[in-house]
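Letters A, B, C, D and E mark the chains as written, and numbering starts fresh at 1 in each.
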Amino acid sequence: MTTDLNNIGTSLDFFVVVSIALFVIGAFGVLTRKNMIVLLMCIELMLNSVNLLLVTFSKYHGAADPQVFVFFIVVVAAAEATVGLSILIMAYRNRKSIDIELFNKLKD
Amino acid sequence: MSLQIISIILGSLTIASALMVVLSKHPIRSVIFLVVTFFFISSLYILMNAQFLAIVNIIVYAGAIMVLFLFVLMLLNLNKSAEPESSILVKFSSLIAAGGLFLVLIAALKDSILLSKTYIPNNEAIGTVEGLGNLLFSKYVVPFEVSSILFIAAMVGAVLLAKREKQIID
Amino acid sequence: MGQNILLLTLIALPLLGFIITGIFGKKLPKLVTVSIATVAVFSSFVCALMLFNMNNKVQYVHLFNVVHFEDFKLSANFQIDSLSIWMTLIITGVGTLIHLFSIGYMSHDKGIFKFFAYLNLFIFSMLLLVLGSNYFVLFFGWEGVGICSYLLIGFHYSDEEKGIENSIAARKAFIMNRIGDVGLLFALFMLLNTFGTLEYAGIAAKINELKLSGMALPLVAISAITICLFVAATGKSAQIPLFTWLPDAMAGPTPVSALIHAATMVTAGIYLVVRSNFLFELAPFTKDIILYIGLATSLIAAFIAMRQSDIKKVLAYSTVSQLGLMFVALGMGAYTVALFHVTTHAFFKALLFLGSGSVIHAMSDEQDIRKMGGLAKKIPITHLTFLIGTLAISGFPLLSGFYSKDEILAHALMESPVLYGVLMIAVTLTAIYMFRLYFLVFQGKFRGGNELESHIHESGPTMTIPLMVLAVLSVFGGLLNLPGIFFHDYTHWFSHYLESTTAGLNEIETHHLESSKSLILMVAASTLAIGIMIWAYINYAKNGKLAKEDSDLNAWEKLSNKKLYIDEIYNFLFVKPLEWISKLIYTYFDVLVLKNGVFATASLIGKAGSITRKWQSGFLSSYLFWMLLSIVGLIAYYVIKIQFWNY
Amino acid sequence: MDTGLLIEKSVLVLIIFTISLGIAAYQTYFERKLAAWIQDRVGPDRAGPFGILQPIADGVKMFLKEDFIPKDADKWLFIIGPGIAMFTSLITSAIIPWGTDLELFGRTITLQVADFDIGILYLFAVLSISVYGIMIGGWASNNKYSLYGAIRASSQMISYELAMGISAITIIMLSGSLSLTDIVNKQHGMNWNIFYQPICFVVFFICSMAETNRAPFDLPECENELIGGYHTEYSSMKLGLYLFSEYTAMFISSAIIAILFLGGYNFPGMDNFSGNTLAILSIVAFFSKIFLFIFIFMWIRWTIPRFRFDQLMHLGWKVLIPIAMVNLLITGIVIAIKEGWFNELM
Amino acid sequence: MESLTNRKKVVSDKPMTFMEELYLPAIFHGMKVTFKHMLQKRKTIKYPEETRVFAPVYRGMHVLKRDEKGRENCTACGLCAVACPAEAITMIAGERKKGEENLYREEKYAEMYEINMLRCIFCGLCEEACPKEAIFLTDRIVPTEFDRENFIYGKDKLVESIEFPIDITKRQDTGKRTEK
């Protein structure tokens, strides 16, 4: 059990698969769900899958730079969540609902 | 290799909880499952020696962003009006599209997955606070500073958006 | 050790003063505010004096890097050498006196705290400009003084009568300066491109390296850089063609005119050229341009000043003319001489402006010299100091202006007799209009009416003390750079002082005329000055050839009074054609081509849109679905391409 | 893995949990006693001598009461809410260094479950998660008072976390490490941080009071406005868990404050001892500090009236955060000067 | 106007000084106060085990006294009912029959005597009005009940029993009592 954590190399590909799966699940959620908050959450999920991939590659290449990018992605995600949620609240005030189907003004 | 088994178990749990995010009916359940997903992702980070990111992930995502989501959900109090279901057609086509994306991405990254046999052992210091801190405050100091501007912009934007316009009523 | 701290305090004090007066000035009592501002500048001056006392070699202070990528750096560095210290001494010294003067002059103004805050900010920017060790810091100061100048010219923007006029003048100054700034920016970019650094010392070192290694110098680039720098200098130092803003800038309060538009900011152009002398020396073409433009400016401005009726306008044109003289000196490569004239000019022009401010104060804000006269007895201190200033600027023997002008003339004579002759005309004109101004204001009879006459009073001590100090300096300032005929041991102290430690100036020797020749020149100049003085006295004071009304002027006088119609010419040359071209383009290109074209395109798109809009369901999910599908398709395409065709 | 280490850590975890829970239980007793004393009363004295068995009686009562779940409540969330609250307040104790090394059975036992090199970050991670217990419980009750309580709790905890974090950063800067062990060891003897950072201490103390929802910051559960706040609908042991978690959180916060500011297990004159004597003395010192803070917490609760909610937000955002930031800035400048970053300027 | 007690405090809303705005001094002061109380003697007692000693003027539950021979003092004159400001006392007079001399002191007695304890304000006027020293207020407490009816006390609850006479000698003398 005293194995060094460095030696899990062969399972790194598994992490890649996991992150792809997370991304796809997020995308699927964005397509099927209609609640705007859930949509935002699915986007967070996709961002996290990218983070996971970056960390995996960082581990793989032995460089810390991708982890710094993860840091920035987290920052951007935080900013995005605040702005997104406040837009959502505005939308809710106007329509009394956050159903994405009701917001189809884009076609006009 | 027991660690491999652990990582496979954790990875599967991650995927399962992520699926629950998408599949559970109630948004609050989705939030909670998303938090659980974040915890699993953090555990994966720890497996890859990125402790600092793991903790930051929990603090920022689970501790701040998701609390915000939960907060908004509670404020809107939507539990009465249930979310309308998507039609079977939409679900089916989305499943096809998502499945296609999964396959295609796997196919695209197949080479890199195969490459991992020639895995390069890395130095220990990359995931630690020191390693990241040194990089962040030297090479990436400009983006780091710029991100603070991003935060201020986001903050101002959020406040402006969420503020009720009282002048109109007066 | 000590010097660095001294330097930082020196720079920080006015900034501190600005912050304190700017933020708390409204709430603090007036006296506290103004004393904080004044004391800040005065302490800077003391620091500068201490530095001047200590300094004997060039010293660099690194504060921090503003931008740092790999080996590219833009840093806030400062440089202590004789040039920067000398400029600092002038700025803070004259600045202190003008702060002191402003206490009295602005005492009735509501926004006095704002005024002092701006003044402090100006001093700070100016210090940045002269103390920086690279063009980057210089640029910051350059822009800073530009902004302060703008703010201060338009200080009375809310004035009921002249508010709009003031703001227009401020805007004009700002825009004219921007044109110059574009030149500076271009110069900076080219410098970075050519030498990879903005440090003065670094550039000089690079040039030396190139010279030593025998490689070809990038002369074309250097010429272009110097021309751009000179464009910047014309903007800030009001040379042709960008000089019209300076007379308009007299809309600002008089202390501002004295500080910014006579003593310090306008000399920034001179400073820039002196600082970059190692570049200019490599570009003789630019030097010629400088020479001729300086000469032309000097003559034209002197001519215009002949028949101006506003006391401050006369002084403003005189400033432009003097700056022209300095540029002539620069064009001849006599950098130290130009700086010497900057120094003496700072003294007597500040004195004259402050004197005029005192006069205006006494006259209850009347600026028209045709309504003055005979003020000598009513405001004796102002009169005396103003007389000293007039004598100094006219080149009266043994006063400061005499020496500095004489140096320029001597160099001109060495260059060519024709140049000397032309310059003599400018100098003569200077003496004429200055004596005209003096006699019209102080001698003869009062022409402003009884009511105004009863209000006339001498200004308080805060205003007269600076006048007296400046008068003393104007009298003895020339001693800094005595020509060889007097006291042999101490001659040309100033030139040697600058030569000794200023980086880049080393290779330029100061030329001296032999004693006998310079004696002849001096005598000639003195005679001329005294002669003009007597002529002016007879003409303006005795014979009572009073200032005529605008309608009575004859041809050349009218030309002078209307400023050679330069504003109108500019209007005709630049503004009108631009408007005309715009109109033309609007009628033919915009309406015919663009409008119809746009409409046609729009209707085409509209028709296409009405066909394809069936895709636009407005549902986000459907858009995303298509997007996802396209992504899948694209990636699939590339994967297949790689896998099967092996690209 | 070393079996001995496994056993050692398991025993340690067990002991810490027992102690935490025991102290939390007796905190309730002590709190009631203290309140009584402050109000010139006697306090609980029926169960056992001096009422010493009161917590046990309370616990038995909690267990025996009817476990009630409201009709429209979200059942699962209603159940896991108190669990999360208890869990989060207990797991913080993992990183607390309880004393110097103990030597038993020929082994050197570190009195700390896990020595993270990013201990403080772990602490804040757990803190940020502890909101969930209250939020989920409050929301799942489907009661407007509970919801109000939950929303108040979350906004209060998020707001005060900022000031707390900033003041913790000050201490991190002072110690140069994120590990709690390093921070404690830096304060060897009497070299405590509170002497260098009194303002920081006050800010951190106030914030931890707000984080644990103690009076005067007990708005999430203020009885006269919100009945019981987020636990209005709770009864039986689920309510007990919420109350327990609050008291455990208080215990842990006291420990954290003691570590960050009062030198943890350090005590003056500790160089005269060594080995197990030192270990036991250090544990005693640490616990006496913790009890001191618990006492102050309670003392404040029974002295100061509750804030209004807008006052609470005002205090958090407009007073504590600016103070903490200015303090951080000043500390930074002082450290920079001490480290000689400005030397090249001088 | 000058106040008699001089305890009046003038309320003002003048702006706070800096020290007051800090609040900390005030908080410390408050904490000092509470700490002092922590060390003070407890003001409460453990009630069922200990009871407080009542003051001699304490006016609790009424008692209808008997004389030393065990005869009821009350003659149903009705003065107590008249004196009662709360209209709490009511009674019906009866005539003493032969053979009841050992029960009632005089030939008229109260056949029924009721006090509504919910109305009674324990003012003690009945005691003062009684010419026969029959009714007294004691230091006993009216026990609690669940029904309102039970608060109407009849003679069964009011008259003292012969075996356990109620001692009223410790009550403060109102000056009317002759019997000791």
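To be clear about the criterion, contacts are C-beta pairs under 8 Å (C-beta built on N, C-alpha and C of every residue); 3 or more make two chains touch, one makes a residue touch a chain.
Small disclaimer: the values here were computed from a predicted structure and weren't measured.
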Exercise. When every step has to jump to a touching chain, what is the lowest number of steps that links subunit A to subunit C?
Worked result: 1
Seminar exercise, completed: A count of C-beta pairs in contact puts on top the pair A-B
For this session: Could you find the chain whose CA centre sits the greatest distance from that of subunit B?
Result: E
Seminar exercise, completed: By Cα centroid distance, the chain farthest from subunit D is C
Seminar exercise, completed: For the pair subunit A and subunit B, the C-alpha centroid-to-centroid distance in angstrom is 4
Seminar exercise, completed: Distance in whole angstrom between the CA centres of subunit C and subunit D is 64
Seminar exercise, completed: Between subunit A and subunit D, the Cα-mean centres are separated in Å by 33
Seminar exercise, completed: When centres are defined as mean Cα positions, the distance from subunit B to subunit C in whole Å is 57
Problem set entry | Shared interface positions of subunit C, touching two or more other chains | 621, 625, 628
For this session: Provide the list of subunit A residues touching at least two other chains, using ranges where the numbers run on.
Result: 1, 27, 31-32, 34, 101
Problem set entry | Junction residues of subunit E - those touching two or more other chains | none
Seminar exercise, completed: subunit B contacts subunit A in the complex at 1-4, 7-8, 11, 14-15, 18-19, 21-22, 27, 30-31, 34, 37-38, 41, 44-45, 47-50, 52-53, 56-57, 60-61, 64-65, 68-69, 72-73, 75-76, 78, 81, 83-84, 86, 90-91, 94-95, 97-99, 101-102, 105-106, 109, 112-114, 116-117, 119-123, 125-127, 131-132, 135-136, 139-140, 143, 147, 150-151, 153-155, 157-159, 161-162
Exercise. If you look only at subunit C, which of its residues touch subunit A in the complex?
Worked result: 613, 616-621, 623-625, 628
For this session: Write out the stretch or stretches of subunit C touching subunit B in their complex.
Result: 621, 625, 628-629, 631-632, 635-636, 638-639, 643
Problem set entry | subunit C-touching residues of subunit B, taken from the complex the two chains share | 86, 90, 93-94, 97-98, 100-101, 104-105, 107-108
Exercise. Mind pulling up the subunit D residues that touch subunit E in the complex?
Worked result: 34, 37-42, 45, 299-300, 302-304
